[in-house]
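Which chain is which? They are A, B, C and D, in the order written, and residues in each are numbered from 1.
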Amino acid sequence: MTSCGKAKYQLQGEIKKISCQDDICMMVIDVPEICRGAKAGQFVMVKAAEEKNNDPLLRRPFSIHRVSEGLLTIIFKVVGRGTKNLANMKVSRLVDVVGPLGNGFQIFKEQRHYLVGGGMGIAPMHYLAESIIKQNPRSEVVALLGARTAKELEVFGHINALPYLLVKISTDDGTAGHHGLVIDLLTQSVAERGAGTVYCCGPWPMMKAIAMYCHDNKMSCQVSLETIMACGIGACLGCAVSGSAVTGDGYLHVCQDGPVFEAGKIWV
Amino acid sequence: MTSCGKAKYQLQGEIKKISCQDDICMMVIDVPEICRGAKAGQFVMVKAAEEKNNDPLLRRPFSIHRVSEGLLTIIFKVVGRGTKNLANMKVSRLVDVVGPLGNGFQIFKEQRHYLVGGGMGIAPMHYLAESIIKQNPRSEVVALLGARTAKELEVFGHINALPYLLVKISTDDGTAGHHGLVIDLLTQSVAERGAGTVYCCGPWPMMKAIAMYCHDNKMSCQVSLETIMACGIGACLGCAVSGSAVTGDGYLHVCQDGPVFEAGKIWV
Amino acid sequence: MGVSRPDLTVTIGDWLLANPIMTASGTFGYGAEFADFVDLNRLGAIVVKGISHKPRIGNPPPRIVETACGMLNAIGLENPGIEKFLTDKLPQLKKYTCGIVVNILGDSLEEYGMLAERLNVAEIAAIEVNISCPNVKKGGVAFGTDAKMIYDVTKCVREKSNKPVIIKLSPNVTDITAMALAAEEGGASAVSLINTILGMAIDIRTRRPKLANKVGGLSGPAVKPIALRMVWQVAQRVKVPVIGIGGINTVEDVVEFLLAGATAIQIGTANLTNPHVAEELVVGLEKYLLENEIASVKSVINGLLT
Amino acid sequence: MGVSRPDLTVTIGDWLLANPIMTASGTFGYGAEFADFVDLNRLGAIVVKGISHKPRIGNPPPRIVETACGMLNAIGLENPGIEKFLTDKLPQLKKYTCGIVVNILGDSLEEYGMLAERLNVAEIAAIEVNISCPNVKKGGVAFGTDAKMIYDVTKCVREKSNKPVIIKLSPNVTDITAMALAAEEGGASAVSLINTILGMAIDIRTRRPKLANKVGGLSGPAVKPIALRMVWQVAQRVKVPVIGIGGINTVEDVVEFLLAGATAIQIGTANLTNPHVAEELVVGLEKYLLENEIASVKSVINGLLT
């Protein structure tokens, strides 16, 4: 397809790199047009079946972990058939990718930014950190990353390498960093450094807890939601979630209205 | 599965070798139990989808090209989704194979044997030649191999290397050997060397022509048929073909009564 | 004899379509969602998401589940209602040259009639009447599985509308031809089939249905053989054009439906899994006709040899 | 609390099955075909290929076509007839301890009754009545889609048979529960569903149907959501046990059908694509119960939360 003036693309991208540790994989795909307009917090939909095969039928949504020189990086955990197929794909074959999709994080001109990621919810935080630092060179950017265990964090090791980024980690089992929940890191950091704007992605209960904390402490908070998706482009209305009172009695659609929402739209 | 006293097996075999030239592939699979009892002319059913994927649903039947030291070799042409998936499979992954299936060629204690193969119908001839030579050390074994063009014969080059086997080839376009049909090779050979027993596998019209020739010349002839198959083990009755008058008004079932039939059972 | 450029046009009543490729209701949004993936002007027609009188918020999530070569949906006909559609959505579509078909649904004859009347506006090429969506407790199913009610709805919409009226049939019936004949008798300009097939999936961990609505409509490649059979059965019985729908993904699929007797086809789930498929199939169908030296797509329609 | 060895037994009328895993008629031959792949004694029951009064040669080829996640078959009920079955096939099955169910089909009430009577022999655990095979022009479909005829067939077979009588329902109907209720009223010991769904495929090169019979029965993973929905609907309406059939491939599939209300299940197409699946699922189901500390499979049956 020609690339003039489009926001979204469907491309056959070549796999440039794929590596898996246990059940967590990193895949680098050559899709320049998608990378060009990509914003932090947006996602892509990747076909997870062999060409011409109809099973699994639906594309799989993945956050944009990183974009550089036309290369898109996604990081995913093998949980079912689709991710298993993707994990088995070899370098140099083509994958069908649609993106960039949804609305990314809104980056505020703020003094202090807290990037809170849990589990695979850490995936979007790399590109987000880069973007915030680029737009607010003099601001303080703190990444608070939580996982069940140290192993789950290995794939995100390179986030530590980002300049101007302060990284703190927590694990449920204490195998790395703070022994406990990522929200502890946030309360602690806010106590030490003061309030800031929060960008959050992770399991539902974690995001809700963070959202509540921010609400109580009058901090702005954006959350990135996950729902099952068929199209990812606002056509099927399959990705509905019910919002908070402020959003009225209708449903929000994660692929179109989100995946990033102002926390108040979802809770309280 | 344990291997005691069984005729058929379903095994996860490791791919030891796979190579494709254009649309023709050779795959070597490690399935000792299947190799042990395999007879020339029998076939295997191979799953052509990723593990846990349901599409394509049915296994694909392939002739046993060769067995040695527990390794099974099949040679196949990429014609649709299933063979395309198989062609994309890499060494060291497992494939699900059922076999050995059907009845092989009946090897007669004869003085002269003509092995007539057309196109992919050449596949079973390698193992057949080996078997005949083993059982009739002193007999004369002639392989007559026909194809559309020379390229199609390359994958079968190693058949020439078989000791005690005389190989003659024909191509429709004259790019190798006799410029014409494989039946010409048979008539010619019979004229030169005399009658013999014929084993034939190839396109339907070719097999029918060979069968008629053998009938007229009072030579015994066996043909190996192809039909769409679901189970390959006689359970679904999907592989029916109508036989000649001698077989009565019912249908023959290729996977169970065949795939090799005495030509008279199909055409008088 | 080679052909220069094959004729792809087909007609439904007095409506001339540039080609037989349409998009199916509920799988193509209101068109604009696909502007980045498809040149909408290449399509025969766009069928928009089903519209009701009042806005509907639809079913609670989860609304979709993936199944073997298919998906279940229980969207619950979420839509902004007819007035908002006319003011907000339709204007966006004006700039496109392809035919615009509006899919309507109601809980009563009156609602269907009122919607039909309200849609007698210039921009709209035809209306498609959804009497078959299995997701709504009232209306939907009852209408779609009873020949008498199909006749009544069709007659009522036919009287109120000055557009070609397409009646969209439900596959959840014993005899699809009886339903098609009822629609024809009621004055339908065409029948389209199939809508989704009622299905279910269960989460064995929670022991609950995977859809909040418990059951949903099955669509995608899995249903194609059923849809093709029904299109063939119906095409042999009715005189009005038949629009084939169900699991269409490839040019081969399109040709199969045309051979079975479909005058046009609709692409549904494939739009969701392969957003540029609609344009792909228009281009592919033209290529197929060229390669097979077929001068007009009309000579493929009903071309099945039996 | 861990459980030692879960109880897999289920009962259909007064027939006790070692476990709820059966094989579906027409996909498991007469059992012997699978002896190399499955320890038949591990199965709850084997349902043999459908048997008629006189031998049937079946439909001309091609008889099967692969479709997306499924297959169409038009075998045409090829079978050796009741007498040859009793003399040649049944004796081979005697040596196995699993229940033997004989699937019967007829063109008339008389034929059904006569078959039922002829099968009142010790080796047979139950009979399953195929009123739903869509491939035969006479009998088949008509019986399976008319509640009155289902009642009559059931009543007739019930009177002639001293075995549990399972009525196998066709999914090609508007309201499957009406059919199930008719069977129950007629005296069925259980109902099994679904049989195949009528479908079609076309070869665009020859422009002919891919099946010599033109249409055939769709089966395999593609139909599972439809089958599961029907089983759930029926299980809520009838008191007799329901046997779930349709696209079952994995232990998850089995558990879904049990939760939906099936007392037992049958594996069909999966036997053809994965010959040792039947034993795999018996072992897998036991493992599932162990891992989830469920003492008896009975507590899974009808366990759906809604």
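Criterion: a contact is a pair of C-beta atoms (placed from the backbone, for glycine too) under 8 Å apart; a residue touches a chain by one contact, two chains touch by 3 or more.
On a predicted model such as this, the values are computed, not experimentally measured, just so you know.
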*Count the C-beta pairs in contact for B-C and for B-D, then report the pair with the higher count.*
B-D
_Centre-of-Cα separation between subunit C and subunit B, whole angstrom_ = 47
*What is the distance in Å between the mean C-alpha positions of subunit A and subunit B?*
53
*For subunit C and subunit D, what's the span in angstrom between their mean Cα positions?*
34
*What positions in subunit A touch 2 or more of the other chains?*
54-56
_subunit C: positions in contact with at least two other chains_ = 67-70, 220-222
*Graph of touching chains, which shape: line, ring, star, complete, other?*
complete
*Name, in rising order, each residue of subunit D that touches subunit A in their complex.*
68-69
*For subunit B, which residues are in contact with subunit A within the complex?*
49-50, 52-56, 81, 84-85, 88, 90
*If you look only at subunit A, which of its residues touch subunit C in the complex?*
1, 6-10, 47, 54-59, 96, 98, 227-231, 233-242, 249-251
*Using the touch definition up top, name the residues of subunit A that touch subunit D in the complex.*
54-55
*asked:* With touch defined as at the start, can you tell me which subunit C residues reach subunit D in the complex?
replied: 67-70, 72, 145, 172-174, 197-202, 204, 206-209, 214-215, 218, 220-226, 228-229, 232, 247, 252, 255-256, 259-260, 303-306
